[in-house]
Structures are given as C-alpha cells and as structure tokens.
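Can you read through this structure? Questions will come right after.
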Amino acid sequence: MKTWREECAVIGIWNHEEASRLAYLGLFAMQHRGQESAGVVSLHENHHIHHKGLGLVGDVFSEPDLIRLKGAAAVGHARYSTTGQNLLTNAQPITAQLLNGPLAVAHNGNLINAHELREKLQKEGSIFQGTNDTEVLMHLLSRHPSNDLIKALQDSVVQLEGAFSFVVMSHDRLVAIRDPYGFRPLVLGKKKNAAGEWAYVLASETCAFDLIGAQFVREIEPGEIFWVDQQGEHQLMMDRKVSRKARCIFEHVYFARPDSVVFGHSVYESRKSFGRYLAKENKVEADIVVPVPDSGVPAAIGYSLESGIPFELGIIRNHYVGRTFIQPQQSIRSFGVKIKLNPQSAVLQGKRVIVIDDSLVRGTTSNKIIGLIRAAGAKEVHMRIAAPPTINPCYYGVDTPHKSQLIASHQSVEEIRKFIDADSLTYLSLEGLFAAMKAKSDSFCAACFDGNYPTPLHGLDRISP
Amino acid sequence: MKTWREECAVIGIWNHEEASRLAYLGLFAMQHRGQESAGVVSLHENHHIHHKGLGLVGDVFSEPDLIRLKGAAAVGHARYSTTGQNLLTNAQPITAQLLNGPLAVAHNGNLINAHELREKLQKEGSIFQGTNDTEVLMHLLSRHPSNDLIKALQDSVVQLEGAFSFVVMSHDRLVAIRDPYGFRPLVLGKKKNAAGEWAYVLASETCAFDLIGAQFVREIEPGEIFWVDQQGEHQLMMDRKVSRKARCIFEHVYFARPDSVVFGHSVYESRKSFGRYLAKENKVEADIVVPVPDSGVPAAIGYSLESGIPFELGIIRNHYVGRTFIQPQQSIRSFGVKIKLNPQSAVLQGKRVIVIDDSLVRGTTSNKIIGLIRAAGAKEVHMRIAAPPTINPCYYGVDTPHKSQLIASHQSVEEIRKFIDADSLTYLSLEGLFAAMKAKSDSFCAACFDGNYPTPLHGLDRISP
Amino acid sequence: MKTWREECAVIGIWNHEEASRLAYLGLFAMQHRGQESAGVVSLHENHHIHHKGLGLVGDVFSEPDLIRLKGAAAVGHARYSTTGQNLLTNAQPITAQLLNGPLAVAHNGNLINAHELREKLQKEGSIFQGTNDTEVLMHLLSRHPSNDLIKALQDSVVQLEGAFSFVVMSHDRLVAIRDPYGFRPLVLGKKKNAAGEWAYVLASETCAFDLIGAQFVREIEPGEIFWVDQQGEHQLMMDRKVSRKARCIFEHVYFARPDSVVFGHSVYESRKSFGRYLAKENKVEADIVVPVPDSGVPAAIGYSLESGIPFELGIIRNHYVGRTFIQPQQSIRSFGVKIKLNPQSAVLQGKRVIVIDDSLVRGTTSNKIIGLIRAAGAKEVHMRIAAPPTINPCYYGVDTPHKSQLIASHQSVEEIRKFIDADSLTYLSLEGLFAAMKAKSDSFCAACFDGNYPTPLHGLDRISP
Amino acid sequence: MKTWREECAVIGIWNHEEASRLAYLGLFAMQHRGQESAGVVSLHENHHIHHKGLGLVGDVFSEPDLIRLKGAAAVGHARYSTTGQNLLTNAQPITAQLLNGPLAVAHNGNLINAHELREKLQKEGSIFQGTNDTEVLMHLLSRHPSNDLIKALQDSVVQLEGAFSFVVMSHDRLVAIRDPYGFRPLVLGKKKNAAGEWAYVLASETCAFDLIGAQFVREIEPGEIFWVDQQGEHQLMMDRKVSRKARCIFEHVYFARPDSVVFGHSVYESRKSFGRYLAKENKVEADIVVPVPDSGVPAAIGYSLESGIPFELGIIRNHYVGRTFIQPQQSIRSFGVKIKLNPQSAVLQGKRVIVIDDSLVRGTTSNKIIGLIRAAGAKEVHMRIAAPPTINPCYYGVDTPHKSQLIASHQSVEEIRKFIDADSLTYLSLEGLFAAMKAKSDSFCAACFDGNYPTPLHGLDRISP
C-alpha cells in the first residue's frame, strides 16, 4: 500500500542449460522489485536472443518465449517503467550490436551524472533509443578503443556517478559490477548444472537463489568487477576510491523481500528489530498490536515481543487483486484501500490498537486505514512507523515522490498525527534505526531520512525527482 | 497449499443501480471460495442478461461486460469447475426461460439425492444441459403447476436432500433459501442505493459486505425461504423438520476468509482458539512457533499466546504466482512448494520449530515443507495440525479427495509423522475443536473428522467422491 | 456489402479419426454462411465433448480445442448470432443430456411455429435455455416415450412447420433431416478414413466437400430422414406431404459460395446466367461492365458475355479488413464503403459504366458506391441488379431487414434510381430469374420477390422480422 | 499464392489533427506490402510517441494506442519481418533521441552498401540495435556536425547505395527522400484538415490516398529531397548523378495494389496489357481463360479481350483464411493450396483451359493448382505467365528466394512445363513486357528478368539473398 517503487531486479546466469528459465524464475522471485516490465536476453551460439514486455514476469513470458531464448547464459531484468509514452523502449536489459558482437546490460540503480554524459555523447554522434540512463554505459563501451570488454568496462564505469549494480553479458562472458558506494545489492551464487559443473548466478536478492536452488556464495563487493567466462571466474577492483560505503537502508526498511539476506543482514530480522526499538523508544498502553499487512508484519512481531502486547492480524489482506480490476462507478468509501485491506471488527471492536507500518509517505493511505479501523470499532488507534520520518527524495534508484509530497518534509509529527487521525503517532529514531541494524551510520545511506547524500547531486536536487 | 476446494460463493443484489458491479465485487471478495469459473446474471426490464467465464472473477469480467449487465438486481456465483470436458456448461448461475419468465439460480452446496431426482425427471422428458446437480431445482420449478414462484420453491426444495444455500432471481424477485441443516453459510446485508433506499445483499460470507460497504443484518436461518420484491421483504420456513443442525465446521477450519463472521462466530477468532487448544492439549519444548502461511497464521498466533513460545514468520509466502506459471524443465527439488513458500534460514537455523498448519490431507506437501525447513537448518520440527485428523470425505459441497487419499483414514498418527518426517506430530482433538468454538457437537457437521453424517447418503458413500 | 444474413452452416462427420478437425475445416469452407459464432460437438466413448465461441471459425477454435474434441464423429455449426444480450446461449450445436444419453443438434433454417410449440412445452414444464427455436426439437425428443431416436425424430419433426435442415448426433448415430419443402440445402458426401473405410460427411454446401477432399454423393431429399450408425446407412421419408417444393432461390442469388453446387445447380453458372438474362432483358449503350465485388462478379461476367461490352474490375476490394477495425474519428466521406471497395479512376474515368450487383436492400450502399464511381470520373452509371426487387421478408431462415427497410417494398424502380443516383436502373424479371435457372417456379421459394409464401405464416407476418 | 515479399510500405502525415489515425489507415490500405509488423510514430509537443507490433496493421493497433499517439504529424511503416529471433527490434519506423531531438525513419528499399557502412560506423563507436540496414542512415545523421537536418540528410544519403524511399520525421519537419534510380515508389498527396488548411500525405502507393480521402499531387522524383515544416513545403535534389532510372517493374507485375497508380501508370491497366501481349505473342485454341485469383485477374481479363476466349472465374478464392489456421493432421491432398483456392468442376469439366498467373517462382504451387484443375475435369491446361521467367534475385528491397530456388534460373521452359504438368506453358517476353508498359527499358529495373542490375552489387551477388 505504499508508493515507494524500487527501480529494478537484475539477474545473470552462466553455464546452465536452462539459463533463460532460471533467469525467469529468479525475476519471478524478485517480482516485488519491479512489476511493470520484464526482459531476458540469452546467449546462443554467439548471438543474443531477447524478449521483453510490459507487465508482471509471469505474464511477459510464455512457454514458447522461453523455448526461443536458447543458450547456456542469460541476463534478466524487472523494473518499474518510468512514466511516459514509450514504456517498452526503456525496458531492460538494453541491448546493442557492437563491433565485437552483441552486448546486453541490466541495471539496478540510478546514474546521477547521466544527463551530462549523455549530452556529451550525443554531441559526438551517439544515438539514444530511450530516456534510460543505462544507455550511457553502452555508448561509453562502444566508443572505447579496446577490443577487451573488461578494459572498456574499467575505463567506463569510473566515469559514472551514482548507484549501479550492473549485470552485463557479451558473446563470451557474464560480468557483474557494483558501484564503490555499494548502494544497491548484488549477490553471487552457484548451482550445479546437468553436467555436474558449477553454474554461476548473479542476483539482486538471495530470495532468487532460494527459488532456483542455488547456494549463496558472497556479495559482489562495492567497487568490484567480477566476471565469468570459459576460463572460469575473475575479479578486480575499480580504480575509484570513495570516502564511505552507502548501502541503501531502505532495502531493509521496505524494499527487499523479508526472506532475503541483504548486505549480510536478514531483512526479516532487521524489521523485527526495528519493531523492538520502536517499542523501546516509546511506550503506550494498548490491547493489541496490529500490522498493516504484509510489509508491517515483521516489525509488529518485534514490537509485540518487546512490549508484551499481543500481536493480532486485525487487518486481513486480499491477495486476489489482479491487474484489470474494475472500479465501482459509484464511490464506495475508501474503496481503493478496502479492495486490499479489510480491518476486522471481531478483533478490533472496543480495543486500544497499536498499528505498525513500515513507513509513511503522503499520509493519505494511513488516514484511510485508520478510518476503517475506527469504523471497525477500535477505541484508540496508535500509529507506529518502523522507520524515521521520510523527508528527502532518493537519487540512487528509488522512485520516491517529489519532496513536496513527502508529508514529513513539511509537517511536524503532531500535524501528521492530526492528518491521519491517530490518537498517537511515533516514528523510529535515526539512532534506533542504526542500532537495530547494529550498523555504523557511515556504512549505510539513509539520505531519505537524514539528508546526508553520499555523493554530489549534479544539480538533480534542483529539478527532481 | 491445500487441496480442499469449496464448491462456491453465491451473491445476490436487489434494488441497487450498480447491481452487477456489486455482485462482481462481492464475488471478488469471496474469490477464495471458487477460482475456476464465475458468472453474474442481471435483471433488466424483466429480462435476464448473463455473463459467465472460466477463470478468476477479475479475469472473467471486463468493463464492457459489466456495462452490458444492466439492471438493479443481480445474482452471481464463483466456483471450482468440476473436472470434465465441458466446464463452461456447468458454470453458474444456471439460467432458463420458464413460462413465467427467466430464472437464474446460484447454488452453494451439494444435493445428495440429485441423481435419483434427475433420473426421474429425465424419464418424464426433462432435458439437462450439464452434469450440475443444481439443474434439478430448475426442473422441479418448471414442472410445478403454480404460477407462484415461492409456492413452487416451497414444494420443490423439500424434495432436495443435502446441502444447499440458494440465491434465486426471477423477473420480479430475489430469493434466498438455506437447507434445514444449515450446512453452508448464507447472510443478509443491506446498503443504501443512490436514491437513499435500502438495497438488499445476500452473500456466502460477510467479507463481501465489508468490501461493498454493506451492513450485516443477520444470517438466513436453516430452513428459511427469504425473498424481496417490490413490496419489500418476506420470509417463511420450509415445511421440513430435521433432528439437528449441521453447520459445516470446515468453514471455520479452512474455507472461510478469516475476516468473515460465519454462523455467528469470527473465523479468525475460531482459528486462534483452535491454536490455543492445540497448545493446551499437548506441550512440547521449542524455540519458535511458525505458521504455514497464510492459512496457518491465526492458529499459530493462538498457539504462541497460549504456549508463550514466540511467533515467527519463518516461512515467507510469495503472492505473485499468477495463473500461467511456467515450470522449470529440469526438476528443482520441491519446486511446486518453493514457488509459493520459502522457509528462511535466518529464522530457522539451529531452532526447535513448531509448525502450525490448518489441516493435513495427503501429507505430501507437509513432507516437502518439513524437508525445506530442515534444509534451512531447523534442529527439530514439531508439526501441529489445528484440526482433528481428516478421515472421511464430504458429501455436502466440499470437494475432498477420495477417502483412500486421506492419509489419516488409513494411517496412524505415528505413521503419518514418519511419512512427513516430523520429530513429533499432534492434531487437535475433536473435543478441543468443539470446545474452541464453544459449540455443541450437534449444531455442527464434523463428519469429515468423526464420520457422523447428518443425513442418509443415498448410496454416495459407495461410489464417490 | 449486403445485409442479407444467412442463419447457418451445418456439418456432420461419421467414422473418421479426425472428425472434429474435418468439421472445423468444413465450417471454415462455409464461413460465409455464419460469421458470428461457431461450435463443434464430438462423440467420444459415448460422451459428447463441446466447444463453442463467438467469432469466426478460425478464431473460435485453437489447436488444443480440436485435440480436446476427441472422437470419430462430430457435428458442427456456424451462425449469425441473433441480436441480443446472451449471444453464446444461442450458439449451436445445442446440446443436452437425455435419459438415453447426450444429444446435439445443428439447425439451418427457421421454424415458424416454434413460438406456439415452445409455449405448449413450457406449460408442461420444459425449460428453455435460450431464445433459439431449435430447442423445441430437443424438447419434443426428450418427451417422446420411445427409446428409439429415429422413431422419436419421425414423430417430432412432423410437428415442425417451416424450414429445417438438421444434423443430429446421439451417442450412437448421426442423423440428417430436411423439411419436406426443401427450403435449405443439405448434401451427403463420403471420404476414406485412415483404415480405408468410408466416412460420411453431411454439409450445407458442396464447397465443404471440396476442401476436405470428400466426394459428393447426393442431396438429402426434401422430407428425408437419413442416418448412419455402426450397421451402416439408413433412410426413410417423413410422414408429411406438401403440395410443392420450395428450395430457396436466394441461395443462388446471394448466399451460397459460387463454387458450390446447390439443389443440383452450379451457383456460379446460375449467377452468370442471371447476368445474361439481365443483359437480354434491357439493353443500354455503355463502355464497360463493372461488378460490385465479390458477389457481383459472376453476373457481370455473364452480362459482358451476352452484351459484348467489356468486363472490367473497376472496383477493387480490400480483403484485409479484420474484426477490430478502428474508425477515423473525423468522418471521411463514405468511409464504411471505401474501407472495402475502391472504385479506380484509371478504369472509370470518362466511361459509361454498367454496374452489376446481386441484389439491392436499402439502397444506401448502392448510393455510396455510385457516388464513389462518379467521383472517380465515370460519365454515366447504369445500375443493374441480377435479381428481381426484394419486397418481402423471409421467414425461412434468412435474416432479412424488416419490410419497411426494403426500399423496393415501398418505392418504385424510378424512385429507387433517383435515390441511388444512377442514370438508369433495372432489375432482373421474375420470369428471367426462373428461366435463367431453367427451373419451374413451383420448385423454388421466391417469396422475397413474389410474396408467394409456401407455408402458412402462423402470424409471423404481423410481427416480424 | 506467391512467395514474393515486398519489404515495406511507408507513410507520412503532416499538419492533420488525426495524424496517427490517418497513418494507420494508410498502412491499412497498403497492408499487402508488409503483413508481419507495423508501427506508427507521432509528433506531439516536440516529442515522439511510438507504437510497434508484430502482425497485421489491424491487430497491432487498438483504439487506446491511437489515442496515445497524439499529435498533428506521424510516420508509419508496415513490413515483412526478416527471419530471425528478435523480430520486433527490426520493426520500423526506427527511432532515436539525437542531440537536436527525436528522429524517426521509415524505409522502403534495401541499401546494398549497408554492411560496409555499418562496419565503419561500429569501428567509430556506433551502437546498432538490430540488423536492419536502415539504422545506418540514423548513425550517419547523428555523426553529422551540422544542426541542420536537411544538410545532414543531403550529406548522408549520397553515401547510400541501393534502393531507398525514406520518410523521416524530426521534432519540426517531415521529409521524403527517394534514391536517384527511383527503385521504389513514393507519392505526395494532400488533404484538408479540420481547420481547412492543407495537410500533407506521403505514401508508397496512391491506394492509401483513396482510402483517407487525399488527393494525389505528384510522385516524389528520383533523387529528390522534399520536406514540409511550419514554413511550408521545400524541395531540392540530391547531389548524386546516375546514368539511368530504375523503377521496379515488379511493382507492376505483382506487388502494388491494382488500384494504385505507380510511376505514373495504372497498375491494373499494366496488368491487363501484360495479358493482351501474352495473348498476342502466343496463340492457343481453348474454351476458357481462367485467372489464378486474385493477382492473375487483370491479366486474364486482358488475355480474354485480346484473344476473344471467354473469361471465367474457374478458381474461387476463399478470403476467410486468418492467421492461426489449424492444419489437418492427416494430409489432405494439396491442402495448402485448397484452403485458399477451389477450382470448380462446374466451370472446368471437359474444357480446354488457359490459366493465367502473374509470375512463377518455384513451380510447386502451379503444379498443385494444375493438379486440382485436372481433378476438376479440365481436358487441357495451358499455363500462361504474365511476365518473363524470373531468373535472378533482387537486391533492391524485394525478398526473393535464393537463385537456386527460382526454377527458371536453371530449367528450360519445356522442363518447367513438365514439372508443373501443363499441356503448354509460355511466358511474356521481355520485349512484350516493356511494350505493354509503353516504357523504355532503361527507365525500369527488370534485373529479376534480365540480370541487368543498375548498380554495382558490392559483393551481395556472391552471398545472398
């Protein structure tokens, strides 16, 4: 029920006879990271075969598509389409025919100097297909004088500023690159193929490994360039130093699947821990702790454990929504929320209720949920947000609303409480957030909460998002 | 992850300008009761307009379909198609042109003397379209000499043996009928229409009222014939006495949505209570209580509350499955379970785990889940089933497997424990089940657990299901 | 470009391992007779399997559908759906489960006493699914006391008044029946099956035989009941005498495919002959003879041969129209005609043109075509209709417009000429029509031209069509 | 029934409020030139909006697509997809974001030095999306130092060798370019918009003008660069001289719609004239002249007029084929031909038949047609081809089979006659072809017949097609 939208999931498979099918399954497991377009490119006899489409992974690919995507290597991508009129053009992986052969790039992140690089490249005659910042890398590579892809990548990625976890496939290798800040996750796994050899798997989240039966090996390190080819695996570090790491804390707050291990931490445990700290930081007398499902559940469990107040599924979620749901013509009150969430009177009637949500963006949904909870008979509603107030937009790959739409950027907690009509409202403190993660604040990016952007913004803060 | 399949959801709307749209939304809220076909018939200027299709409610109806389904009254149905080659023929509501005008019938339940009645009617020249037992009612009505639909219904339904909650729509009224045992639920609600008058809503479950913003009024009583027409509402009781009530306990165990109130009890609270009694009846030392999501969650909450052992979402469910999911060609171990359920190592590693499920049918899925839990590192796995062993098939509208496939019908609890590879296995006792519901055993049907069928079986036990 | 719409095509296959596929192909060849719904029922191990859908034959059936339609016998139907809100309900073949087993009926024609029979049956308790008159036969059969289908058919069809060519399939035989007037065509063919035995084929038109490689054997005679079963073929005549035959002359004028042989006459040769007589009956000086394609082509060839005036394809037809063609928002003059027909200036410029069409209904299309021909530069436009003026509706299975919309029913030829803006207009005379066919007027029904209906109308002329 | 496949249709619209809709309709009228993919790009507020898809024009575009394609200018394309695995990538118009804004290019023709130019551009860092030769122009433009599109086009197109009719749209103008040989057609028309101003229309064939109600103005001249912008229309000639013109004679033989005027000649009249010359060059005694429909009809009319032998539609074409036609599993003799063409016995029985076809490629289809004609009872079959023997592949945009598959390239006329089993076979002579067109042989390209290629082949003759 949030409007946070992650930019993407990436996946790469090397040396497996069902490469495109594993890529498809991996994207399926990471569907939560991008639900508006999906694509897979496979490598077959030195050629690339591709298939992209708008929609959920399960709808974009049919059995004949996967049969057509022959080959033992593949790269895949799922994303939120940017708004605009030519959505499919921006779908990934982006592909091109370079002199040395075909190249496919899947990107999770956002390049903050893409605009400058793009203008420079266009002045030199480069053609851009879409408005996607990922194309910049493709052009830097195509202009590189060397025939050696790794050399070209080394020289190209140091020019990129911002967040990037790339999976790149050429006619003879699969490459993973993560920016030196380490904004976005990228993990390496392996799995036996039919011949009993190791296949390599690269993915945004470990939940993809769980589904396809791969073992987790390690994170791709911030600043690392890793690749596999017929000779085996290789690794080197980018020639670019940065003063700190900046793993995205929001992966733990909201994006990642709870059953993933991200940046070395269980997401589920992080969230439970946020709930525990939330309970520690502010006590309130209440009868039950109720999560906004599904994202608020782990924090509510933690809150309940810490506070001793019973956990209850007071709001039931309907998962049968589907894509083409037809709205009623006559307005049913709060219909948009009700189609997914039903606060049940049998649990809430006459109760003092603590409601746990993972974050709060505009406040309009919270307002509706609290309205429905009160209509179901709750006596008191205490809203608890398992993260600090979101006051700044993200420039590193999270599709946040404009700052003006972030209610916490211009209203006090008390004003927000009134707006959402809660009896009380508290957020997790910034200190609590880091303490819960047992992490130092300079190893994570929490700019959305504290405004401490790890990189220069190249003027982006003056325009968007 | 179960193979219990409910026969249907029914809905009826009277006196609302958006009748077919409300019927559609109500079916949508009750999608869990029947996911293979759906249909709505509306009443417009004394004619019926119908639309049926195979698939989920959200896929069967498009905006133009709902626009075509004009009128201020409607009846709808969602069901599991029976197996067979002509699925659409058996989709409901069934419709016909009688001399007095059009008639549409939606049925939740199963008529155990349908075969005998059908043969008798066919001998007298009646034509049957499908293999659906509901057609029998239509023929009894058409052969009734009276022009009065209610009179004809009174005389017809007393001939029917078994479970039936009917919603019937003619050219001038909407009727609800529930068999005298009260096997299947049927509730009455109301909602203001655009003119400020009361519209009537009939539905299988109260969750449909929540979504469309209707108020719950009361249950349709066992043996009641209720109808609304232009003169208002009317009610009478069938001329048929039965020795006991027989509300289906399985609605509380598995079928109904947790946020529904069924037979006067909150389903969510019933399930929590089953979990509590399960914990009371048998104690085991363990570190965490983990539900099989989503159906096992309420019982696990109850179990945790009663036992004091922490509740943990140790198995994460992926809700993005979709209808046309493409299987991997090469077998991934337990793929069919993994695509939906991912036991997470971060929670389970090194733990003694109590796993709560609502029921256990063949045992094969439990075996796979326990295997995945062990692979995730659990030290001990104690399976707890929040219901008694299922040993008998249902003849009253639940599509159970054949008795030979119900593992508990021919294996002891210890044998089942070995089969599913659990360290221990216990079920809720029959006494615990009724105690948890605070109900007398002669007000519910628990034949699937105790073999105490409320009606004669007319030979059905010798053939199927 | 006409609005005449035939009611249907029927087909039956017996004793062929690809029965449903041959039925599909046969319907495909007869697609011109019914383009809005199609259905096939196959017979497999004493059960019927059915598939029906809205749309063209090629769109209603997919490969999996045909695989599902197992069995060595099949009956199929293609039709124009009647207008109305429940189109699929009226699609054929209609099917039912009778006491003796399944029955499927495909019907080409129209029963003029259906309404009376229907009311009588309903009073006795019969249930009707749709508004289709064919259901009447099904009910008469189901009420017949005999177990013998042929006996039941004999007794039932004598009660039917009007036009009927039936193909009926039970669990053990395939039956063909043609009304004693012989209004609609029905032909018998045969083809070797994989085992080298004869398979039987019944179809509305011989063009179906050509496609599936069957040999024409003979017409089913007016009044004949023909059937095949495991014992072989059988035949008897209905116990019903009529004073004349009444084969539909409009099959030759417009409906049938030109490459079919209907009622023993080549349709193509009939139409050419209509064109010859049209030229004989009225001479006009002109430069070229131009057909309205495709239906006017044979008559134009005949006209050209008789008159010596050169035949020219002055109007080119675009066959790529498709079903979902999107109209321009801004009106393009006569767009509806132009999307299909393009009169070409290179041929028409400065010419005196004779335009040949097969018939003329409302005159609006002719008016537009003549406008486009004049815009293309024609000096004179002489319209010639290869049939007499259509002044009466058909009650025997042709979906004609209401009499008030038949321009010739209330305007003189001169008035029509003015309305369509032709320099001259003539029709073929009634005498010419029969002479061209070398047929006696009492062997054909030409009621649409002469008002001489072969049967009583049971009041239909007072209400519709 | 031929395997000649034209590469494309192009269309451009300028200054019309329904630009994308008119582009769609124009492509629809030119559907015969490319049936496997279609695309339209519109210009709205300096941005391009695009939509492409695989399939027929009528299936690629839906109403919402056209609504999304806002703007008063548009460029469109329909094509045969080249074989390969990434068909959509090669669909046109191709689009790009250049520094000066968006650019879209639609191309009819084939560049024979594309491979050399492509390799050179890739060495300089250009990225190619597909294998389409049209991308070369896009890259030449993007590398041009000038901001002036027309200047860049002038300098770029002189580097291109081969056949090209381009329609190019930028953010502020619509450009048409035709190679100096004039291989492919390109015509200019105009039409009033809603404001009463002239809109410009560019199209491959005049039949597009007829449908959308535009007036033909003139051909775009070989070597001409024509453009419209807010200032009005402009024109200049490419700085490239060639020794002769080379209009494609095959447009008149087969490709173009008969109702188009191509290179100043009516296609229908050309074909009739080919038929007349065919009759003049070789006389044979026969009873009827029968065209292979639809492409052989005009030549057969001409043949009949010249020879005095009657024209008969002895073969009837079924136009309901559709895309997903399901084949019979068991082979029906010559099914592939029969599904489209039905030679009718009623016309052919006992006759000496002259069969007219437009061209003959492999001979296999002719062999089957003659077989069916003989099976229908013809006494003699004399095949007449309204063009010379096709002995060479085309390198200018016609997708011909490989030379080895052109039967006339390696067999004598007598050998072909035997292969197709005709009683006699003659072709139109090369002299007859030009005489029929009243054209000089150096103004047309007839390389497919005479091997006289107007340009150097850059080695293409050694590899393909």
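Note that the chains take the letters A, B, C and D in the order they are written out, and that residue 1 is the start of every chain.
Assume a residue touches a chain if its C-beta (ideal position, glycine included) is under 8 Å from a C-beta of that chain, and two chains touch if they have at least 3 such contacts.
Quick caveat: nothing in here was measured; it's all calculated off a predicted structure.
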item: Shortest path length from subunit A to subunit C (each step joins two touching chains); value: 2
item: Computed distance of Cα centres, subunit B from subunit A, in Å; value: 37
item: Subunit A-subunit D separation of Cα centroids, rounded to whole Å; value: 48
item: Subunit B and subunit D: spacing of chain centres that average the CA atoms, whole Å; value: 61
item: Subunit B residues counted as touching two or more neighbouring chains; value: none
item: Arrangement of touching chains [line / ring / star / complete / other]; value: ring
item: Which pairs of chains touch, using the document's own definition; value: A-B, A-D, B-C, C-D
item: Residue ranges of subunit D in contact with subunit A within the complex; value: 47-50, 68, 85-86, 89, 95-99, 119, 122-131, 138-139, 142-144
item: Touch list for subunit B against partner subunit A, complex; value: 17-18, 21-22, 24-25, 28-29, 31-32, 56-59, 61-63, 66, 194, 207, 210-213, 257-259, 261, 266, 268-269, 294, 297-298, 301, 304-305, 310-313, 316, 318-326, 328-330, 332-333, 338-339, 342, 344, 346-347
